[in-house]
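Shared between the two complexes below is chain A, which has chain B as its partner in the first and chain C in the second.
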Partner chain A sequence: MAGFLLRRLVNYVVLALVATFLAFTLASVTFDPIGVLQQRNPPPPAASIEAKKRDLHLDQPIPQRFVTWMGGVVQGDFGRTITDRPITDELGRRIGVSLRLFLLGITIGILFGVLLGVVSAIRQYKFSDYFATLFSFILLSTPVFVLGTLLKMGAQGVNDAVGSNVLIFVGETTPGFQGNWFEHLGDRLQHLIVPTLAIALGQIAYYSRYQRSSMLDVLGSDFLRTAQAKGLTRRRALFKHGLRTALIPMATLFAFGFGLLVVGGTFTERIFGWFGMGDWLVTGISAQDTNVTATVTLFVAVCVLFSGWLADVLYAALDPRIRVN
Partner chain B sequence: MTTSELQFDAPADPAGEGPVLQVEDLHVSFPSESGRVRAVRGLSYQVSPGEVLGIVGESGSGKSVSSLAVMGLLPSSARISGSIKFQGRELIGQNDAELSKIRGRRISMVFQDPLSALTPVYTVGDQIAEAILVHRKVSKQAAANRAVELLDLVGIPNAAERAKAFPHEFSGGMRQRAVIAMAIANDPDLIIADEPTTALDVTVQAQVLQLLETAQEVTGAGIVIITHDLGVVAGFADRLMVMYAGRAVETGLVDDIYRQPRMPYTLGLLGSIPRLDVGEKQALVPIKGQPPSLTDLPPGCPFAPRCPMVVDACHTAEPPLFDVDGSAEHRAACIRTNEIAATDAEGAEAAVEIFGAEVIGEPQVAKVPREQRETVLELDRLVKEYAVNKGVVFKRRVGTVHAVAGISFDIREGETLGLVGESGCGKTTTLMEILGLQKPMSGEISVLGTNVSAIDAKRRFEIRRDMSVVFQDPMASLDPRLTIHDCIAEPMQVHGYGKDEINRRVPELMRLVGLRPEQLSRYPGEFSGGQRQRIGIARALALEPKLVVLDEPVSALDVSIQAGVINLLEELKSKLGLAYLFVAHDLSVVRHIADRVAVMYLGKIVEIGEVDSVFDTPRHPYTQALLSAIPIPDPVKERQRERILLTGDLPSPANPPSGCRFRTRCFLHASLPPEKQRVCIEVEPPRETQAPDHEAACHFAQIRQVL
Partner chain C sequence: MTVILNEGDSAGTTGAASGSPVDAAPEPGKAMTRGRLVLIRFMRNKLALVGLVVIIGMYLMAFVGPLLSKWSYDQQDYSAFLEPPYADHIFGTDKIGTDMFALTMRGLQKSLIIGLLVALISTTVAAIVGAAAGYFLGVADKALMWVVDLLLVLPSFLIIAILSPWFRGKSWFLLVLMLAAFQWMITARIVRGMTLTLKEREFVKAAKFMGQPARKIIAKHIVPNMASLLIIDATINVGSAVLAETGLSYFGFGVQSPDVSLGTLIGGNAESATTFPWLFLFPAGFLVVFVLAVNWVGDGLRDALDPTSTRVRRREKKDTKEKAA
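Coming up: the complex of A and B.
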């Protein structure tokens, strides 16, 4: 099994390289940073434009530029942004922001999604099932920016009712906040609640649908009946034998959901003013910045492939039938 | 607590106590779109300690539902009324927590399908240990040790090692053993076995039945065994209850019911099973129609629409169970039961008389000696192997599955060859090779004298006309979106029949298989299993083939329906002079329908020949074991029979034993002196003639009668 996972990992490195190369090439071909520079008013001197061209290696063919950039990446240097700041410095910070924002939301989403799905399945065609279904479909059909805005309004309402700013929905921390680490944590939590809700609600709706159907498949199964025939109560049989088996097909969903969300949360980041990876991609593209775009793409590729790998590991951990092969 | 404290108590003296289980006037109904389904309607029975009660009935008769009601495992939508007393304690109305203290501790259950009965993600040992831990305060280690002991007790070799295996690493038979181990883990007082052997091969079925007897001996529990197969319960049960449409229609001691059935339905059931031990042509009783819908039962006896003895009085009220022959033990729900008692014939013969079944004649061509008839199919040393590959990107071959390892046989005009063997023996592969009409890996296939290796696509297409197939599952083998007319017409359209001819021929085919042409515009979903199988047969006959390949054509059908389809196949053969290749695992059916039989084991034919010769004087130990494993629906005979129990499961065809492939499970081999054993290990036995038209592949072939 370990050998299998190792081989997979090697495959993934190649795939990540290919994805990044494609994104790099596409960005290099379409972006025109010099054109942007020339249109400035007053126009910058010709010498500095030439210098910029050299800095960006625009005199080289694209594959060579990629090799140069990749050479740096291998050594931990992702090049410089168009505004000549080292990408590497910002990368770590941005990844941190994204992870802080999404980790909690996704965890809550998975936990409650599974729970809601299980309840829905057990109480199929009863009121709670219909209610969960309605809740899920409404959330699934609401775009994130609408949900985000609604949540902001709700948070404002709560703040007004309480009479102070309990829920803060702009940024990650209060600028210039002073206090010990505990107060810092409190401040960060105040900022975290609303965006986390925005992420978690959608995730709950999404996972609960899948969990419901995978649980329904298991509910009629013979082994659940066997477990009850052994003397387990229905509830215990449902959780110990039923849910455990129904979680297996969910593994892929969890893994990829995580990988995609970390970079797919552009809207959420922008709405709540968190400057993470999703935000960076948009800024990078609008600034015609090849290096930033390629860096974010590489990060996306790594996330997605890591998710695939994680899915394999999860599968093997959950399902002994996979482990044998 | 140590393991020794988990041992079984000595069985209590059965005579001293009241019944373990007493069911009184049980009703169970479920909601459905067409109204409430009254699955069980006033069922009463009891089981004494140590007694084995057999419940027999077809699908939908309420036999499984009633036992799930005892376990308290019915879905919450079920409405239950009446009384279920277990050791004097009322179970109906108890909550899940209360019932779960009894389930698995006092009453345990063995289910039908061992493949799905175990949770795939936990080891077998853990699942058995869980059964102990949930009821007793013992350490995990003690429970785990006990699980190993139990696995050993149910005959799993190398139990300590195998306890750590997951269910998918166990064969079907072994999983059923594990389920039985679980069922006896807490020394229960009642074991309910719901079709425990239906999903298993005959040799494994014999092992599992034996094991249930052992389980009964060690626990002293009362057993309720539910089955549709009258053979299974004949030798095992003490008392029998026959169910029909949610009610008991006949109850009594096993011997009484088999010898003197007093309700027409029981008679029909007994008469509808082909007998393994009857040599001469037997008339099979088909019960016409199908079981009634339980949503809206008309007044009167529910069996009346299918009953040959029906009179007007049958439609007025549903008959209760009457005492018959002046005994309170034997009761039957039929107002004409005394008239049945007046017939002289016994058991199945009475059924033949009452239902008016007839022996179906041989086709004209059968009068011509076999050698002079045309050969419709000939296989010569046919081989089919599958590569076992490993690796995702770079596949490498790590082994070969020898699915079919050089088999030869021929089928003549108007003849039925039965091909039998356990699952995994290569029956289906052989069939697919024949139907594929492609050049085999090695050996030859000839259809009507044409060698299929040397023909082009056009000729191959022409040959397909002469050969057709009927599949096992009538539900899956008809396209649900085509009308019956289109289903039957399709082969003719493909082969370029004119529209007029098709429209003339389709109704004709419908009548031929005993269906009404008015139903042609309907869809397969509107037909029952037996009717669909008839449609499948009509489709197979559309092109007037010479050879019909039948892949387990009746194994998915209920017994009473099965007899009708077998009779139909025989009639068609007689009328149309067809040749059949009949693939089946049910040897009784094969004996009834086949002229010759070939027994396969691990890709080889071990014995082949004229059907009576092979069944009456089997030479190969495998054939003997196979035959002896099949229960006969005759309690007296069944109890006297000595079973040859094969040990273990079929070896992997990827790694067959050297020399004789059967030697690893062969009782004869085991009894031989070492120098003779060496012959079995080193030399593959050739097929040798043992009697006229009877060959067997065994170095030490000898006759052993097992029926």
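Coming up: the complex of A and C.
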């Protein structure tokens, strides 16, 4: 089993490298940072444009630029932004902001998604099943940028009704907030609720649909009947034998789910004014900044691949056939 | 990844095949053809029917609606700035006095055309490439599988966003090509899986031993046998293409001005949604209702065309959400 996981890991590292290389190349080819500089009025002197070109290594071929950049990354230096600030300085804070949102969103999404899926499978064609189906259908058709804005409007409504700012939907923390550790935690939580909902609701809908169908497949199976026949209660049979089997196909989905989450997170961060990685991607592309774009891509790739690898581990844990081979 | 296979869903099968009961009583004097059976099954699904009506209605509205309105999108009403909906402007006006109905219809037009074109192109490409890869296997097959893996790591949203400076100021048709270029791969993988089983079937072998060239076998025997999958896929792809386009346009990475799409309208007005909700709610409402209708029709088509499949909404279709996110 260790061999299997190791092989997957190597495969993932190669994929991450290729993905980053592709993003770096595409960005280098399409972005035109000098053009932005040249359009300034009055136009900057030729010498300073030349200097900027040298700074950005534009005089070198793209593969060489990538190798230079990657060489820095290996040593923990992600290069400089187009405005000549070191990326590494900002990176840690932004990753923290994004991961807080992602991890909470995906945890809530998976937990409630699986729960909702199992419940609607067990109560198939009952009212709760129809309700859950309608709920997830509508949510799956609502893109995050609509959902986020709707939640914002809802939060505004709640605040107006309560008469104070209970749900804060701008930023991830109040600037210049004073207080002890506990008050800080409360402040962060106030900021966290609405954006996390924006991410988690879609995830719940997404997972619950698949969990429902995979649970339905299991419900009709012989081994579940056998488990009950040998004396297990229905509940015990369902959760010990049924759910475990039904979770196996879900393991792969969790990995893909994270990729979606990262893209969804970009919208969420922009809507709610969080300065995380997704926000950085959008500003990076708008500023035609290759290094920032490549850094965010690397982050996305590592996230997706880590969750993919985690899914493999989960798979192996849930499915004994994989452990044996 | 599990792949949905339409077992025994071969062309020329009459209604009684696929082990499904012929559940509609055939009218006397009329033979039950497969087409009629599919139609009856589809019509019985109320949600799918409603969805179909909504979709047709929206296409009609997008193209006929502007002709009936007395305001045009390039016309400003200087007596009404930021007015909420009233008799004269049924969707209200924006801050320069443009009629929101005219603007929304214009955005709807573009989004719907893009959705339709992307779905057609990507499904066609998926059918050809997937069938060829599955039929010939070898290097092309390996390459395809690898590219699909890569896309999971490097979401298409990211790639198109990075490339967006390149098609800024160019035709929106380029965006259609880009979206299609990244949407076909996952379907191609499903098609490939089905080709692998189809190619072992007697009728394909018979054609092969009779000396039919490979391209004819693919065109005449393999692709038609996946017609149901491809129809369902093309339908659902309309929805995911619209979501992908609006998501990119939201950030200004998709449709560029002077063109307007639902995405640019939503993105441009999301900030003011809490104060001037009509600017946001109308384009967003049209988007959500359209995607919802497409999903219902897709589901209805699956039930009608492929009764053996469980009611799973596209296991492989994480793409929908990726763009929705």
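The definition used in the following text is that the second predicted complex is superposed on the first by the 321 of 325 C-alpha atoms of A that agree within 3 Å, B and C clash if a C-alpha of one lies under 4 Å from a C-alpha of the other, contacts with A are read in each partner's own complex, and residues count from 1 in each chain.
Definition applied: a contact is a pair of C-beta atoms (placed from the backbone, for glycine too) under 8 Å apart; a residue touches a chain by one contact, two chains touch by 3 or more.
Since the model is a prediction, treat every value here as computed from it, not as a measurement.
Engineer: With the two structures laid over each other on chain A, which partner does A:222 touch: chain B (first), chain C (second), both, or neither?
Structural biologist: first
Engineer: Applying the document's definition of touch, where does A:26 land relative to chain B and chain C: first, second, both, or neither?
Structural biologist: A:26 contacts chain C only, not chain B.
Engineer: In the superposed arrangement, does A:270 touch chain B (first), chain C (second), both or neither?
Structural biologist: Only chain C is touched by A:270; chain B is not.
Engineer: Tell me the contact category for A:156 with respect to chain B and chain C: first, second, both or neither.
Structural biologist: The second partner, chain C, only.
Engineer: First (chain B), second (chain C), both or neither: which does A:231 touch?
Structural biologist: Once the two structures are laid over each other on A, A:231 reaches chain B alone.
Engineer: Applying the document's definition of touch, where does A:319 land relative to chain B and chain C: first, second, both, or neither?
Structural biologist: first
Engineer: Please indicate which partner A:248 is in contact with in the superposed arrangement: first for chain B, second for chain C, both, or neither.
Structural biologist: First partner only.
Engineer: Hey, is it chain B or chain C that touches more of chain A?
Structural biologist: Higher number of touched chain A residues: C.
Engineer: If you look only at chain A, which of its residues touch chain C in the complex?
Structural biologist: Counting only chain A, the residues touching chain C are 15-16, 18-19, 22-23, 26-27, 29-32, 137-138, 140-146, 149-150, 152-153, 156, 202, 206, 209-210, 213, 216-217, 249, 252-253, 255-257, 259-264, 266-267, 270-271, 281-282, 285-286, 288, 293, 297, 300-301, 304-305, 308.
Engineer: What does chain B use to touch chain A in their complex?
Structural biologist: Answer in residue numbers: 71, 73, 96-97, 100-105, 108-109, 111, 113, 116-123, 127, 130-131, 134-135, 166, 168-169, 179, 182-183, 186.
Engineer: Quick one: which bits of chain A touch chain B in the complex? Just the residue numbers, please.
Structural biologist: Going by the criterion above, the answer is residues 221-235, 241, 244-245, 248, 318-321, 324.
Engineer: Across the complex, what residues on chain C touch chain A?
Structural biologist: 1-2, 149-150, 152-155, 157-159, 161-166, 239, 243, 246-247, 250-253, 266-267, 270, 273-274, 277, 280, 284, 287-288, 291-292, 295-296, 310-313, 315, 318, 320-325
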